[in-house]
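For reference, the structure discussed in these notes is given below.
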């Protein structure tokens, strides 16, 4: 894959933004390989993402930032630029369920998920062998009813130490404390095993079974203080019928969870997800 | 289509039910063209549906009922037998939205929906031409804040007079009073324009837009006293993204509503839907 | 809906195209409400579509064309600009099957399909009532083994007279002669009732049944001289199983045909489909 | 999971088969937990599958076979009965691509795929570590242009020695010789990376890219002498668009391949797939 810079922008909508940005890029010979725009007419907000061939620009990210800052200020942009050669650092958190972990680790190992995984944190030992076979450090931090403050302080320390850009809750099954949610806002990704907002909270497949729904689903979202209520990145569903028990739904749902989480994470890693309010713009 | 009888059975599960029923049929030379069984292990209940070539049996429905009754009593069956030559009578109820009505009327006209439609009832005039072009009587019964008891008494009278086997709320948009829900239990079919249990009640697409979901859906269910909480017959979803406004979702959702309602109604007409508790067994 | 202009461009890829075009628009105060780009790296070709608020520009289409021409020449663009207030004129052609026609006519009547339908041409009388009920002229041009040259000359005359921008074969079931294919290149849209390239030609559902496939599909494509081989606009599939006969597949397939054709036509009408070689770029 | 026997039957259709079989089961107290029937009216053939609680019958499989044989002969049945406590033995064959293998091995390890895997055979070393980490013997049998007869003789020997009930080509990428296809008829399962019959043979994703299709797919089928033409067990598709390169399709297609192969194999292991002619009846 050719080295690219990815520029993402979110700002109030007005005439001339595209011209301003594309002029800036053209002035320096920037070759755009992918461009996406979105105008949210209701919020009067503009979203933009560009991939630019790194080799086509005469400078690196620092100079880019310096040169682009006046435009960003003029248009009140929230913006970022990233370099495809600098891999994002992803800390995975898991519990006992292996399916999402096996899936993510294989996608990482095969090069499909373009990131570094410096660390896996779990409250159980079950997946240690799997993780370590992939050559990734595994740290167990047991979380009990009584040790939450200490446990999450330790987890926070580990995440900081790992210089994590992003944390993925791969069926971690524990509630993340508000302070961590805030500190890593829009950087903690969870997979919830229902088609939210249906069946938030515990045992969603059993709730789905009780209600007699004909589709079950999974939701990949950013974690916020309110449980299972953060901005949704992706969702999907799979058909069930009267023959499926709650346990069958658990099994069928795993495949949806895996694919939805893998897609959502990949989009996040490629800076395709822009958050505004409690919603996402996903340039996929 | 060859004439068939359809036998549906729901009873406590135990050994020998299938043998008993299939023996009964075989004894009279009954040729089974489709058979479906389901054991709900949790509820310890057995469900069964047979299609039998009418010509293979030496008698009609009345004699069938007489001959089969002892078995039905022995096994505590809730059961029914219907004749494909006797079309079910379906009263459609609509409001201003045309998409479900156009879809159902075309499927009826082309022979895909095998039923009679003796009457359409609406609280508005908008769809009169459409309905009458199909040669079906159209009666307007305005429902206002003040006339509900009289209006629904009139509607009940019309439904009774039409000898309806089943009522379809094709985006009728009014809440059916409890007395009608009970009288026509498991015979009033509604299409709700969300993937229930998410977004019950009013303006589900706008709720979906606000929540930022990535799929919208529709649910076909039997109407019960509790709003949008009856047994689900079918559901489906369609993908949306940040570009869709609430209005776009309304438009995209129409196609899901149409197909989910048409499928659910077809299954109901073919006696493929058995209700138990608040769930359905759908032998499709 | 606000009045917009839609600018579509296809040209050799190079640095600065986006800047050039967006500068041009910004210079005149053009407010972009939707923008889509695509670089085909293999073909080294660039595709672009902009929707611009008409009211934000100081001139109409003619002046736009004059002002933009130098840029178009410089970058060797194939390009067009259209006005949402000028509806495209669509001639529908059908045979005996009604499902696609009912669907398209309803979407047109309800305002979902934004076009004029000056004429329906058919080789049979069956759908005359349906079409005329919608207030659209219906002309029968019988096509037989012996009269093809005269029949298609008549059809061509009717299409020309109707000033058609586009022709839709809504299950027309006849092969369009090469001369018409060329004259209306990328403007005749067909729905083929299989997932192409599988099962081109006659009786695709029967071919699918024979092969024992587990999904059937439909394909919306531009008509070219080679049968069922033109650029594909959209496709979709639906699950089948051993219980479905070929006749069941015909029935199930209708719903896929309807939705795929409606989607493909809507995208065409909104200038979202750009053809290059035998492929399409669809900015949806 | 409770121990069950699974009885599958395929025979000419006639009146009384269900009665005969269910009587037989009822006579011995057999408790049916799942039953499926299918009448192929065109082929005049009847298919049936029963799951029976082992504990409800007074005898084991041998006595069952003896007792049931007269019925089987009378109705000219092809039939089998299997015991859920006797796991099927599955030999996996792979090449360099890991995705299907990782997926199958994880499903096996987590107990979702209920089988033994006595051996993995590959023509390359790449996946040895993965396989051996799961505690499964891995044997490399290089296949070259020149050694095919010897290589496949060795492979046949290994499969025989492993007492394989079934062989899975998990992206094995080599053509199995006719003699092996015959010997293990309906017992070698392949995953082909296209929606067959489109794009049989080599490089299907590149063929799909060239054709400009809007969906790509995968097909799980039994291997027969004719390449990619055997009875189809399952298929699925995933949406692509103009932005996907052939390489992107390869990546996206992997997820479909994995899920289609895993589903097809699970159904085979549960004796849910009955082959007749070049088609399958799948009681899922």
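By letter and in written order, the chains are A, B, C and D; residue numbering begins at 1 in each of them.
Going forward, a contact is a pair of C-beta atoms (placed from the backbone, for glycine too) under 8 Å apart; a residue touches a chain by one contact, two chains touch by 3 or more.
Everything quoted here is computed from the prediction, not taken from an experiment.
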For this session: Compare the CA centroid of subunit A with every other chain's and tell me the farthest one.
Result: B
Exercise. Hey, which pair has more contacts between C-betas, A-C or B-C?
Worked result: A-C
Exercise. If you average the CA atoms of subunit B and of subunit C, how far apart do the two points sit, in angstrom?
Worked result: 36
Exercise. Of all residues in subunit A, which are in touch with two or more distinct other chains?
Worked result: 34, 41, 243
For this session: Select the category (line, ring, star, complete, other) that matches the graph of chains linked by touching.
Result: complete
Problem set entry | Footprint of subunit A on subunit D - complex, ascending | 34, 98-99, 102, 106, 110, 112, 133, 243, 251, 255, 259
Exercise. If you look only at subunit A, which of its residues touch subunit B in the complex?
Worked result: 38, 40-42, 47, 195-199, 211-215, 217, 231-237, 241-243, 245, 278-282
Problem set entry | Touching residues (chain side subunit D, partner subunit B) in the complex | 15-16, 18-20, 22-23, 25-27, 29-37, 39, 41, 56
